[in-house]
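In the two complexes below, chain A is the common chain; its partner is chain B in one and chain C in the other.
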Partner chain A sequence: MLTSKCLRGVVTGYPLAINATIINITEVDYNPEFITRIIPKLDWEVLWRAADSIGHSDGLPQTIEPKFEENNEFLKKVHRVLLEVDIEEGNLVCPESGRRFPISKGIPNMLLTEAEVQ
Partner chain B sequence: MARRYLLWFAQEHLDFRHAEMHSIFSMLNIPLKFIENPSINLPYWIVELPSEICAKQIASRSVLLKNCLELWSRAKSEAKLHENLKSSVKNKSGKWIVTNSNNEISESHICPSELLDAVSDPNKTFKVDVETFCKHFTMKQKVEKIENFSYLPLEGAVNLNKPDVTLSYIEFYGVDPNNVPQHPCDLFFGKWIADGQRDLIKFHTLKKREFIGNTSMDAQLSIIMANQAQVAPGDVVLDPFVGSGSLLVSAAHFGGYIWGTDIDFMMLHARTRPTRVGQKVRNKEESIRGNMKQYGIRSQYLDVLVSDFSRPLWRQDLKFDALITDPPYGVREPTEKIGIEKDNYSLSEQHLDNHIPSKVEYGLPHIYSDLLNFAAQHLSIGRRLVCWYPLVRDEYLEEQLPSHPCMQLVGNSEQVLSKMTSRRLLTYQKISDDIPNMPHDPHGAAHNFRDKYFAVGEISRREKKERRAEEIAKTAFYLKAKREECKKE
Partner chain C sequence: MKLKVLEGHLGEISGFTKPKVEYEQYETPSHIAAVALYTMQTQFEALESKLVLDAGCGPGMLSCGASLLGAGTVTAVDIDGESLDILKENIEFTEVDNIDIIQCNFLCPEMYRCENYFDTVVMNPPFGTKNNAGIDMKFLKMGLDLSCDSVYSLHKSTTRSHIQKRIKEWGVKGSVIAELRYNLKSSFKFHKQHSKDIAVDLWRLHHS
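For the complex of A and B:
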């Protein structure tokens, strides 16, 4: 959902690539209604590629089925990649400029430097 | 059948009552019909609701609501209240008997007997609560008051701990504790339906929250904000000036899934100086995620990010269901964005990793016009932006509040902060997707809160100093005079 459009000269800045060094899995409550509601907001292809790049795409289809809201197994898998897989340490990388945004303690730092905003 | 309900409110944050209730009614799609026009000085509303379920739904959200009764009788004197109730026992028409419809006060209205019959079942235990507003009575006096209702057709046994039915008798002695009348000026009798969310204030209290900051929002106000933003289960909620995440706690409590961004790296990583008195260092576990865990709503935490709100971050077509935020006012928290005054600044490669960039002023007018533009772009239609706006009270003009053609102002309540200043909770609803390119707010310059705050403070500080100097001079003069008197003698 994030972009690096804040960088000067970057037009789309999307999708950001993920470089993960530490990944945590925390089990949290499953809410199928929320997952059903969030899926249309997602860019599925991008999500799949992101999940794939950190090795968590097993069982996730590359395209969404038309009646996904009835497929509980599928919703559970989406729940897992969206809410349970946390990237604790790593980087988000801008696809156009290669600029890295570090993630530390699960919090990405999207700040630019003074030089980049001038 | 539509029934009448008495909504009893806490007598605080009066200016927020209408805004909170209107938001809740419209979110739940319940029509608001007053039996009596409400007065802001009185802690109750008398309304008609389509069903008891509606009353319970309202009570499950409102934090300003103390409780809700199904109203059986209301009168201006004790005798009249009993007279009405006695007539009710015989009212088999199935409707309220309204004798004089021009009368603003529903004093002589008589409820249908079926309300009373519904609880008269011999198998249902009951109790009667006596509430007196602005006057205290002993238990014995209260029991005497209860005995006066012996004519009611209640067949069941009394059970004080776990009754099936709780009846409630309220005597209202006005709101002025220095001028309490001998007899109550308003009396109510009815069946208790539900309590509001007053207990949530204690549950979410900042005193027991693990991670708080200097400007964390108090629990009650952040619940009001979540209600005004109409946060419903499964909504995606963003706070772009998240700080310690206090607003997100109440949003998540009502089922929202939460995002937060803030420019302050140290704040999000809980490495600022501790806020609590006596605490030397922050705990390692302190974080917004930790707070969510504390309240059992960890599953609704999406993420927080360190980012500069003045720069684009989100995918163009991403839509949020609600935006709630308390931007910095430039007094206790600085208004900043990334930048530097120097020209041609550059940073060497080796410093890049842990670099904390310098910041420049991000004026309040800019913040609010960015916020409204962001809302116009990223809110789903019909959804809301709820934010605080600080101002100097004397200079408040409604037409100078931040505005945007896509965002309609639907709520505006004032919380007074000091003699000179206050902040207003503004609620905007997105009404159009047709987003024009907005120039910065034309009234922006008139609203530099920080400068004014300190200018106003400066005057009063100088006044105080002068007054003190005068007083000292006076005392000195008086003492001198006295000493001379003594000498003469």
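For the complex of A and C:
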């Protein structure tokens, strides 16, 4: 799920760059009401660039249109990129330090070593 | 989903294989988790189609339950990789598909990037009894900072007046919405009794 892997990077440096070696697509139940409600919470530009960097921005507009909530096709695309595209193996890379956070079995490890925590 | 069905599903979830004392890894019993989650949904509509965070998720009893009750997505956060591996198995076993796992320290300052992001934060925080006094309150405060609506958290009933005091200091509203009994199996060597019944409160805290 891209939801938390890139949008609100839970680590130093934002947004994190994504290096994906294995991407999985898993089908998730489509809930348009939920998608409509979370879109305003997202940093759209960051999401678009993240999706684009892993080759999944097809048909996704670079800016959100007004009345997006009425555009079911758009909501379905957001649903797909947010919930169905999953990075199974890869890295999240901090843009400032270059520090890599490994993603293994779909789980990003954001723990810093004691030396990194000042 | 009925309460009994939910409890049945959660009863089949695996717990900690080797609980770590430094993280106070006590499992959330399936009965407690089921009642707590069911109360959140039926009384406050806090789960269905909501953006949920499970803070200190462990093997994911609350995460899986929240997902079964229709959460939009559940973000499950824990510092311990081994617990998250078990959660991964539990997710496959429960056949839920919208839990997003992150291994990180819930109390690290970077979490503030998610300030007010989640609708609902659920947690069974460390009680703060083993050389880490106060960690339960740190979890609670962080949960409040990351939620735009409410936090649901399990605490020993003996800490009730202390929590009431902190809630006032923080300027938020809160009340105990269920009183539960937690049958703590002796999971660590220093436990003298085989099992112990502990009174536990389910708190609901929300921004006023």
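The criterion applied here is as follows: the second predicted complex is superposed on the first by the 105 of 118 C-alpha atoms of A that agree within 3 Å, B and C clash if a C-alpha of one lies under 4 Å from a C-alpha of the other, contacts with A are read in each partner's own complex, and residues count from 1 in each chain.
By our rule, a contact is a pair of C-beta atoms (placed from the backbone, for glycine too) under 8 Å apart; a residue touches a chain by one contact, two chains touch by 3 or more.
Every value quoted in this text rests on a predicted model; they were computed, and no experiment measured them.
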Which superposed partner A:109 touches (first chain B, second chain C, both, neither): both
First (chain B), second (chain C), both or neither touched by A:43: first
Touching partner for A:93 - first (chain B), second (chain C), both, neither: neither
Which of chain B and chain C A:83 touches, first, second, both or neither: both
A:33 touches, of chain B and chain C: first, second, both or neither? both
First (chain B), second (chain C), both or neither touched by A:14: both
Shared chain A surface residues [contacts with chain B and with chain C]: 1, 3, 5, 14, 26, 28-29, 31, 33-34, 37-38, 41, 83, 105-112, 117
Touching residues (chain side chain A, partner chain C) in the complex: 1, 3-5, 8-12, 14, 26-29, 31, 33-34, 37-38, 41, 83, 105-112, 117
Chain A residues within the chain B interface of the complex: 1-3, 5-6, 14, 26, 28-31, 33-34, 37-38, 41, 43, 83, 102, 104-115, 117-118
Chain A contact footprint on chain C (complex, rising order): 49-51, 72-73, 75, 79, 81, 84-85, 88, 97-98, 100-105, 108, 110-111, 113-114, 117
Chain B to chain A touching residues, read off their complex: 233-234, 236, 257, 261, 263, 265, 268-269, 287, 289, 298-299, 302-308, 311-316, 318-319, 338-340, 342-347, 352-353, 355, 357-358
